[in-house]
Every structure is written in structure tokens, then in C-alpha cells.
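One structure follows; several queries about it will come next.
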Amino acid sequence: MQKKTIFWGVLAVVALAFPLVIRSPYYQHLVIISLMWVIIGSSWNLLAGYTGQVSFGHAIFFGVGAYTAGLFPIHLGLSAWWGMLTGGIVSMLVALFVGWVCFRLRGPYFALATLAGGEIVRLIATNWESLTEGMVGILIIQTFKSKLPYYYIVLVLAVACILVIERIMKSKWGYYFVSIREDQDAAESMGINTTLYKNISLLVSAFFTGMAGAFYMNYMAFIDPEVVFSLHFISIMAILVGIVGGVATIWGPAVGAFIMVGLQETFRSSFFGLAPKWISQAHALAFGLLVIFVIMYLPNGIVGDWATIKRLVFRTRRTAG
Amino acid sequence: MLKVDSINVAYGDLQVLWDVSFEVREGEIVVLVGANGAGKSTTLKTISSLLKPMSGTIEFEGQRLDKLPPNKIIEQGVVHIPEGRRLFPDMTVEENLIMGSLYGEAKKKRYQTMEYAYELFPRLKERRKQLAGTLSGGEQQMLAVGRGVMSLPRLMMFDEPSLGLSPLLVQDIFSLVKKVNQEGVTVLLVEQNVNQTLSMCHRAYVLENGRITLSGTGDELMANQHVKEAYLGI
Amino acid sequence: MKKATVIFCIVFAITLGLSGAVMAKGSVKVGIVLPTTGSLAKFGEIERDAFLMAQEEINAAGGINGLKLELLIEDTTGRPEVGRSVVEKLITKDKVVMIGGGYSSSVTYATAGVCQQNNMPFLVNTGSADKITTSGWTWIYRLNPPVSKYASAVESLLTQVIKPKTVAILHENSLFGTKGAKKFDKTCKKLGFKVVLKEGYEHGGIDFKPVLTRVKQKNPDIVYMISYIMDASLLMKQAKELKLTPKMFIGGAAGFTMPEFKENAGVASNYVISATLWHQVLPFPGAMEFYKKFKARFNKSVDYHGAEAYAACYVIADVLKRAKSFKNTDIKAALDATDMMTVFGPVKFTTWGKMKNQNKAATYVVQWIDGKLELVWPKEHATKQFQYPIDWLKVWGY
Amino acid sequence: MDVFIQTIVSGILIGGIYSMIGIGMTLIMGVMGIINLAHGQLMMVAMYITFVMAHFFHVDPYLSLLVAMPALFLLGAFIQKTLLNPLIKVESILPENQVLMTVGIGMVLTEIARFIFSSDYKTVKTSYSSSAIFIGKISFNVPMCIAFGFALFFTALLFWFLLKTDLGRSIRATAQDSEAATLMGINSSRITVITFGIGSALVAAAGVLLMPIFYLFPDIGGAFTLKAFVITILGGLGSTVGAIVGGIVLGVAESLGATYIGMGYKEMVGFVIFVLVLIFLPGGLKRLTKI
Amino acid sequence: MALLEIKNLTKSFRGLTAVNNVSFEVHEGEIVSLIGPNGAGKTTIFNCINQFFPISGGDIIFRGKSLKGMKTHKICRLGIGRTFQVVKPLKRMTVLDNVTASSFCRINSIQDARRKALEILEFCHLLDEKDKLARSLPIGGRKRLEIARALATDPKLLLLDETAAGLNPSELDEAIDLIRRIRETGISILVVEHIMKVVMTISDRIHAINFGQTIAEGAPEEVANNKAVIEAYLGEKHA
């Protein structure tokens, strides 16, 4: 018990003190982006990992959140921060519709439907210029010059997201979600309204993803449909964060987010300038290979298969020694 | 001919068969009776190598079947007619028959054997071009047997051929099994329909909870008090 | 819980632990942001090559007052969020004195925002959205004209020579295409041309015939297209297949000037005109040499993208030479005072209208004549007579 | 009226190529139940092969069918054998593991192509690339007509193979009941390898046929993977006839959408059809045609 | 009044009639067995009662309410719990979590749900296995888990689908004991069963069907001696 308290205390201090100690905006930026992915990955995990509904369309909620924030300044002349209040809610409304359509389908068909849904929303955002400005995108002026406010906002969001998900998973809802994942028919015969609870899972997931989107708008100050509704860079990235870190674990997506963002940056910058330049070309290749490796050998992700990793590392060390 | 020697079989971490041993001799009809979930189908699946035993051996005419991949079993002359027929529903009757004769001798004699199968089941000939999925239950069972015959087997294993058939058809199916046997094919039959099978078989084994609990000739078992209570409802 | 800690620590170590190379003495560092991977990589690569070529020449000629010019070319992968982190890294970790590059409007905008906040001079050379220099930002300078000015030469050609009554506009629905089409639509209204059709399309289509058939039905005097190379060649090939014959096909910069356009469209490229920002035959010192050198070295033709990058590199060198020190305010002062000739034409950053620190670059019209891209407008620079009117069916060999 | 007819003609011709892409996918999905998110990327590989053949060895694109199809057969078989088949034994929480695996494979293929060929657009130019035949006022693009012809030919060939050969029958049997097929002596893992190979070879053919019409860059695959889904779901899983009809329906629908709704919405037409079919006609056209 | 009333129930799949005009009742506190050969339509009747399948004709009335068109989970909340012939354990949850999830049907607090789950596990003799993953239970354990989960929803009526199949003789006796103890708590039970020993010992009444139609109904001895039943089970010559 004591040990646990110390652990959490240290983690809290590290998290709170990080931007005060590491003053480089570059590292601060990377951690902010990682924390944003913690939110998206954890939300995806709630729906896919815990509830078993693998979404290939989380960009829908991310993008809707971002656009909700972005539309305040361009149509109402209000601050994009209003999006932080409403982005999650609007995403939930969209999720209601998505759920209504897609939850008629199970398994891979659900995955495909969400994938198509994501592309449809992207095309709508591209073509509905009077609302979204189309590919021109929305740009605003950042409110704060310093990264500190953004850091603490996204930190609070990420912590809230993880805590909420953890709390949910320890409640009736959590039991219901996992039951649905394990066997929908059995769940139904246990008195679980599977449609309702799948939707609840989706709504919570969409809410936090939408909030992450609204944060993105405020932080990056620029969005266009290709960026926020991207199949590759949002929907698939959310899945990668989840599976690399570990699906159906609370901390998996958090770990996955830091790994994926870290890896992406490491490659993009050619191992921080230490490796030859052509390495930077290989970051997507590395992603692909990582995915193949993880699925083959760590199917439950780094956190989920931690025991396996430890055993392997331990064994190699012994043979080496 | 077929010798199953103390096999132990598990699905994942769930053991289903414990030290099951039995034997089928050339020309016999041997029945494996037992309740739902006793491990009868598992036994057949293990013989056809779909499942691998954790320990124990299966020999067919001196050849170790448990070392072979599942698709090589049929070439040894052992054919398994699975529970629920398992036809190819979107293929015609004729194509289903062809599927029984993909390799070796059976392939060479394909059309000869097909004629023979049609002789056995004239109904199938009438429906050669019909999709298997549209056949009635009885016809499907005939086709399943026919498909097995196409591989020119020396041992045929039937998994609950009477399942879901009307009493009249059940009679038909069993007389078919007998007929096949009379043509020189050894038969291993798995059934819940204890009464009729016991009366037609040479020997029988009772499988309970993954273990062989009784064995003997059909009549011996019919007379057994335990069998009567548990399976005949008397 | 413990496993999570360990993993966190490892990841933190990877992300934070590695520090960049120590700054080499005797050099001055400039960050260049370009998409060298991802879907925009093609143009990013051209600009990178041009930058590197210029860098070598500058250093061979003595560098920046004896110091070597060191370009740190960073990959934005064509995504704004990555661009942002790239610039932040360049500023805080690599301590560059200024930033150049900037391809694609969205990434450039996002990166420009960071530069403005950090008081970091940024010389944009390709990102063309008007907003980059109309946002009131003081640290952002732009060498290339904003997208709304891309068609200015075409406008004068239209009013003076072709005098069309009806216009059809097709555009890729990217930021560049959409903005350009909007602007041209406005221009047409101003000049009294009737826009009979205006359609955006998703980049990468195979079959443009449905929309071209509709264009044909409307029978406009000119067809104005804003497309990248491959869409451009497909549009022209399929226009030829459909025997669509307006008075003139006009490309709004981008794809229609690329050598690949001619290669792919073949005979269908003949006599098509296009707006452009640069052409090697322009009477700017070094323009043709640059074109030839680039072609000799990289075995590919170069268009205005390369010229922009090449020119930008010389502007950067010039600015750094003139700057009193490498302090940001001194560099900014030097940028403000820039007045030089480059392969891309004269460069001078001025403030006009809503534009701030914007170079007033001219635009031109080129025409594919007998397989060669010739400058036809404005007349004073023309290398060949503007070919008009044209019997398209004869040109296409029907 | 001309506009309408031209639209339909364009749609049908492009639909021929879509069908080829769809058939390969439907075969893979039908036999293995795998959603192959790397399908378009396999096509991309075939297109690069065609490009290399034409550019360096001056081989006519249609001739490189003879190289690209076997090459992709081997690549597909290799992927199935070494990456997808072993996955069946790996237990994980998400049953969609195989789908995610194909995502990874797609990324790797794309990036390898980018590594070798850079992001440049590549084309194969032929004398007939943009020639067209006119019937009345309606134009028929020659390479598209050729592609359509090839599509018909390969489809017929595939039909013959599936219906009349033991191997073809074995593939169908495995699709319908893989355990029963095993009992009949069919090595089902070998069949999956062959099927993935054939599916890849078919999409390779589509890629080769597209080459004289279209252009090539490493990221080209994604868009076609999505189209392949739409076609497969529209036609019904595992239904070759469905894939053909689905391809043509998609081609025509896209063309009509482009003409009468707007070019920008062209892609969306496909996705809307996709979602509508998933919801209102699960099982696709197969439900209606029964083949 | 009957607890559950099945009135002229008919269910067909694409023209194939699996259940044809079957009517029977289950009264408060009763154990009724539904017997018939394999494929006779017993499980289909279960699936109709909790509306996994929409019914094609007739009606099912539970405590005065028609179940027709009702959602499965609502039927559970009305007080019908069921088990599956092919057991459906929530494999990657522990035994305790399986039952806890089910207890939430009537309870919202996690502590109470867990307490109740523990009670039920004790009742079903599963307490020792509570921390095992459901997938590691042997078949007998899985069957009991299935019952435990159904009991956790506080049913008035329990539908048991071949609970005894695959059990060894000692487990069989335990299962019979368990079913009897469940009845003592006041829960009515409808059983689909194959093993005659179980059927004969526990049933108050038996309803025999074949080919989707009722062939006999009544007290165990009556049905066991019924000619049609013997014929269906044993073939004509024994009749």
C-alpha cells in the first residue's frame, strides 16, 4: 500500500514538475502531443479493447471535436476555447448517430463500417465549404505563447480520461462492457442491454476523443479535413497506440502513446541527428514492422505481455552472462 | 486394423479424453456410444488428426495416424463423415462427390466410383446438379456417405449419422451403414441412438466423461443395467 | 503498476535522453522545413536538392563572412503538427538563427505561428495561402506571391487577347486549388466573364470524363484548371478523348508546367497555357544556369519550386551576411532591408494592403509549343509568340 | 442524353477494372474470412513491376502481365504463409488481429516502394494510352476497353478454374467448410496460401491494366483498398459474380455521382453505398442473385 | 395462473418449421422437463422464450405479459434466467467476475453485487474456483458457472439447457442436487434434458416433442411409458 502511494506521489510530482524542469518547448511539445494521444488511445481502448468494438473511425470524433472548436471563431467570433466545453458533447451527438448505424453490425463488419464512416465524414468536411471552409482549413491565433497552460490542460484531460475509464471499468458499466466483448449473446441473456451499453462505451470514448480534438484545435491553431479526419494519421494511429501499448489495459494506451510519438519523432529526426539522414525516410516502415512484430509476438501489447517481455529479457541476459 | 492406445486429448487447457483405448478389426462395425459431451466426436477428430493427442498412439494397419497431418488421413483409407454432415452447401451434389476423390487411386477411379455411389443412392443421381444446401436432411446424409465412399475407404467413421432425421430415415441410414459394411468396409460408428446401433454392431464401447467405461458385444451392453438406465431410459 | 513505471521511464529516456549533436564551430545554422517524406515528398525533395545546391555554392564562395552556412533540413512529413514540433526543435534545441523552407500552406501556416511566437525570422518560399502574410505577423517573410496573385498574368492575357464570354473552372479541392478557384471565380465576375461551371474534385481520380462531358455540354470559351501534374495530364488526355474544344485550356500553375505533364499528356499537352511563377528563360541572372545545373546534377527538370528554394537560400545567405549579428532582431532588420536580384527575380519584402513582409513577385504565362514550354506573356519577356486561336482537333491529330 | 450515355459508358469501363480488384479481394475474404487491408498495396507493387519492365526493359505493359501476375502470386503466398497463417495460433483479445496485421503489411509495402522509387509519380507511356474510339458522340478509351476485355477474360478463366479443376473446387470447398475440406484430404493452410496468391495475382492484373491509363506513386494503394471493400461488401463476400456486378455498379454509381452531384462527392458515393449495403442488404448482391 | 404460458408457439427458418404449434405451461414452483430426440426443437423453444429468435406464430406469456417482440435483456429483467447448451462462459473474466457482472442485473453497487456473487458461488459450489479465469474451468465447472450466472439475475423462472450433458455420474448427482436446491428457493425451472435419469428424478411434469410438435405430456411415468415417446427415442420395434 505504502509503495503504491509513493509511486503515485512520484508520478504526480514528475508530471506536474516536468515543464518547469524541462524548459525546452520542443520536449514540452512532444510530451503534450503524447498526452493527447494518451487520451485518444485510451478512449479507443475503452470501446475496442474493453467493449470489443474495434473502431477504424476514431478520426470522426477527433475531427468533430476539433471542428467544433474551430467553428466558434470563424462563425460566431467566439474563442475556440468554447470548443473545450462543447467539443466532447458534439462528438457524443455524432457518436449517437454513428452508433445507431454501425452497431447493427458485428465484428469486422463494424470495423469496416466505421472505416467508411470516417471517410464519409472527411469528404463531407472537405466539400461543405460554407460550414468548414473545406480544404482551406481553419486557423486561429494561439492564446498562450508559453506551452505551460497547454501542458497542464492536456495533462488534466489525460488524467481525467484515465481516471474516468478506470472508474468505469471498476463499476457495473465496466463489467458490462467486458461481458459484451466476451460474448454478446450471453451478455444479452444476463439482462445486459448490449445496444445501450455499447453506445455508452462509444459515447464516453467519443467524448474524450472529441475533447482531444478540441484541444488540438486550440493548441495547433490550424486544422483542415486531411489533418483531423485522416484515416492514417488519426484512426489507424489510435489503433496502433492501443495495440502497441496493450489493449484492455488501463495503462497500455498511455505507454503506447509515448512509444508511438517518441518513435515517430526519433525516426523523423534520424535518431536526433545521430543516424544517417535516410533513416528518417523509414519511420513509416518502422511503424509497419513494429505492428507486424507486436501482433505476432506481443498480441496483448507491451503492457499486456509485460510478463513475456520480462521473461525474454531475463532469459537472454542469463544466457549472455 | 485400427488401434487406439490410451490417448489423452485436450482443447487448450481443458482435457476431454482420458486414456481412451479401443480397437476396430477388419470387417467389423464398432460403435462408440455415450451422452452429449462425453468425448465421442473428440475421439473421431483425434483419429482424423484434426486434434493431436497429448499422449498415446493411434495406429491404422501399422501406420501411425497421429503423426500425420489431417489432410493425409483420407489417403490412408480412413474417411470421417462428420457430425452434421458438413457438406459443401454451395456446390452441386456431383461436385460434393468429386470432393471425396481428390487423391491417389480414388481420383483415378473417380467416375467409376461415382457410378457406384449413384447405384447405392439413386436419389442422388436424380439431383446431381442440385446444390447440396438445398437437399433434404436425409438426402444430405446420403450425400455425406456417398462423398465418403468416393474416397474408396477401408475404414469409415460415422459421427451421429442419425442426428435430426425422422425415425424412418434413421432406419434407412443404419441399413446403409450395414450395406457399406457388407461391401467390405470396416465401420466405426459414434451414436447416441443407443438402442438401434447396439443391435446392429459387432462390438461396442461406452464412453463416459472422456473415459471408456464399458465394452463388449452389442447384446452384452444392451443387457447391462447401467446402459439401460443411462441411455435407454428404462 | 510497477511495470507501467518502468515502461514510462524507458520511454521518457528515449524521448528526452538523446540530445542533438553539439553545434559545430565556425558555422551558422539555418533550419529548413520541408516535407521530404509523405505524400508531398516529391516537391519537398526538389526543394531540398535546390537548397543543398545553393548551400554548396555559397560555402564554396566563402560562406557567410567566413562562417559556413549550415542548413538543417528537417522533414515535416507534410503534416502541420509535425511541422510544429520540427520548428520547435530547430529553435530550442538546434538554436538556429532563422528558418526557411515552408512547403504546403497548412504546414507553413502552423510553423509560421510558432516562429512568430518565438520571434524567429522565417522566410517562406512556397507556402502560398494568403493568410500566411495577412495575419499581421511580423517575423514571417514570403518570397513567393500569395495564391490569390498566381493568376494575375493570366488575367491580363484573357482581357487583352482571348476575351472569353464563358468560363469553366475545375480545381483540386486542396487548399491551393480551392483558394485559387475562388479567386479566379471572383476575377471572372469582375471582368464580366460568365462562370458556367465550377467543380472541385478529390485528388487522384482515374476518370474525369463525367465532369468533362458536362463541361463539353456547357461549351465554355475557356477551361481553367488548377491541378497537380497527374490530374492535369489525365484531364487533358481525357479532354482530347472527348473532343472537348474550348478556345483555350488554361492551367493555374501547379501541375501544368511540370515536364511530366508534357510527357504524360503527350500530344494533348500541346498549346495548353498555364500561369507560372517562374521560367528558366526569364531574364533573371543565373536562371538558365540554375536550370541546367540542376538538370545535369539531379537528372530531372526543375520548375518554379526549385527556383524558389534556390533563390531563398541566396536570400538567406545575403541576409546573414548583412546582419549586424545573428541576434533575431538584427536578422529581422537585415530581412527588412533586403533588396536583391535572384534567379527568381527581384526580392524585396514590403507591406501592402493586408500583406506584411511580402515579396511582390510577378507571375507569367507559359505555353507548351512543340513540346517545349515557352514564355508567352507578358509580351516583353516572351520567348515565342502566343499561339492563338487553335484548331484543337487538328493539333490532336483527329 | 449524350452526357448521360457517356457517363454510363465511362462508369462501366472503369467498373471492369474495379471488378478485377474486387474479385481478388472477394476470393481472399471468402476463403479466409480475412479483411485484407493491404489489397491496394499489392496492386501498387504490381504496378511498380510493370513500370520497371516498361521503363528499363521496354516491355509493353500488357506483356508484363506475364511477370507481374506470377510475381504477385508468390508475394501473396509468402505473406499468407509467413505472416497470416501463423497468426491463427496467436491468441489475443481482439479478433481483428489479422486485419491489423494487413494494415502493417500495407505500410511496409508502401514504404519499401517509397524507398526504392521515391515518391515521384511514375507512368508508362504507350502509343495507345489516350487513343479513343468514337461511336456516335460517345468516346471509348482504348486502354480501358482492353482492360475491360482482360477483366472479362480473367473472370472467365477464374470461373473455369474454380468450377472445373480439383484445385479450384478445393478452394471453394475450403471457403464453404474448411474442416470438412480437411477431412476430404485438402490441406487447408496450403489452400489459403494459394488463394491469397491468386487474389494477389488478380489484383496485380488490375494494376497492370491500370498502368497505361493511370499513374503510379507509393501511396496509390490505400484508395484502391477502400474501393475493393466497397465492391466486396456490395457483391457479397466470396461471390465472384457479385464482385463483377459490384465493380460495375460502383463504377457507374461513381460516374453518375461525379456528373450529377459533383466531382468532389464522387468518392463519397462509394462509401455511402457501402454503408447502406452493410445495413440494408447484409450479404450484398449475393443475397439477391444467390451465386 | 401459470407462470409461463406457451401458446401455439411456431417458429420457422426459411420455410423449415422447427417448432410447430407447441403449447404448454410452467407453474410457480414447478420443474418441467422438455424432452425429445436431437434436433426435435427443444433449444429452439428456449431461444424463442428469450427472444433470441423472433417467433413466427403463437405467443409466449410470462406472468401475464406477452414476451413477443421483447428484447432479450428485458426478458431477463422480467425474471427469466437461462443457460446455454453450448456453454458461453465469459472466458477472459474470472469466475467471480462472471457472476458479479450478472448480479448487476438487480444491484447497482459493486460491493453488493460482489457479495451476492459470492453467495451464489457458494450455493453452486464454485467458491474455490472464484479467482480462476472462466476458460480454465472443466466442463462440469462451466455448467455450474452457467447456472450461477443465471441465478445471479434473480430469476423467477430458470431455463436450463442440457445442464447434465457431459457430466460424470458423481457430477450428475451433484447437478440433480443443485437443481433441487434451486427449486427450494422458490424458483420454477424449465429443463431441456437428454439424460433420462435426470429427467425422471427431478421433473414434476414432462413435455415431450419431436419434429417440433408435442407428442406427449404429463407426469414422468406416464410420459416414459407413452408409445409415441418410446417410438421417437427407440424406434418402432420397441413401441
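Each chain gets a letter, A, B, C, D and E, in the order it is written, and its residues are counted from 1.
Keep this in mind: contacts are C-beta pairs under 8 Å (C-beta built on N, C-alpha and C of every residue); 3 or more make two chains touch, one makes a residue touch a chain.
Predicted model, so just to flag it, every value in this text is computed and none were measured.
The chain pair with the larger count of C-beta pairs in contact, out of B-E and A-C, is A-C.
For the pair subunit C and subunit E, the distance between mean C-alpha positions equals 73 Å. Averaging Cα coordinates per chain places subunit B and subunit D 41 Å apart. Remark: subunit A and subunit D have CA centroids separated by 32 Å (rounded to whole angstrom).
Centre to centre, using the average C-alpha position, subunit C and subunit D are separated by 36 Å. Residue positions 123, 126-127, 281, 284 of subunit A each touch two or more of the other chains. Contact with two or more other chains is made by residues 37, 173, 200, 202 of subunit C. Multi-chain contact residues of subunit D (touching two or more other chains): 93, 114, 262, 264, 267. Here the touching chains pair up as A-C, A-D, A-E, B-D, B-E, C-D.
Residues 37-39, 135-136, 138-139, 162, 165-169, 171, 194-197, 200, 211, 224, 231-236, 238 of subunit E are the ones touching subunit B in the complex.
Taken in their complex, subunit A has these residues touching subunit C: 4, 7, 11, 22, 24-27, 29-31, 33-34, 123, 126-127, 129, 134-137, 139, 141-142, 145, 216, 220-224, 226-227, 233, 251, 254-255, 258-259, 261-262, 264-266, 268-269, 271-274, 280-281, 283-284, 302-303, 306, 310.
Only residues 2-3, 6-7, 10-11, 14, 17, 114, 118-121, 123, 125, 129-132, 134, 139, 141, 210, 213-215, 217, 219-220, 223, 254-256, 258-259, 262-264, 266-267 of subunit D touch subunit C when the two sit together in their complex. On the side of subunit A, the complex with subunit D involves touching residues 48-49, 52, 54, 101, 104-105, 107-109, 111-113, 115-117, 119-120, 123-124, 126-127, 181, 231-232, 236, 239, 243, 247-248, 281-282, 284-285, 287-292, 295-296, 299-300, 304. Every residue of subunit E that touches subunit A in the complex is listed here, in rising order: 50, 52, 71-74, 76-77, 81-82, 84, 88-93, 97, 100-102, 104-105, 108, 110, 113, 149-150, 152-153.
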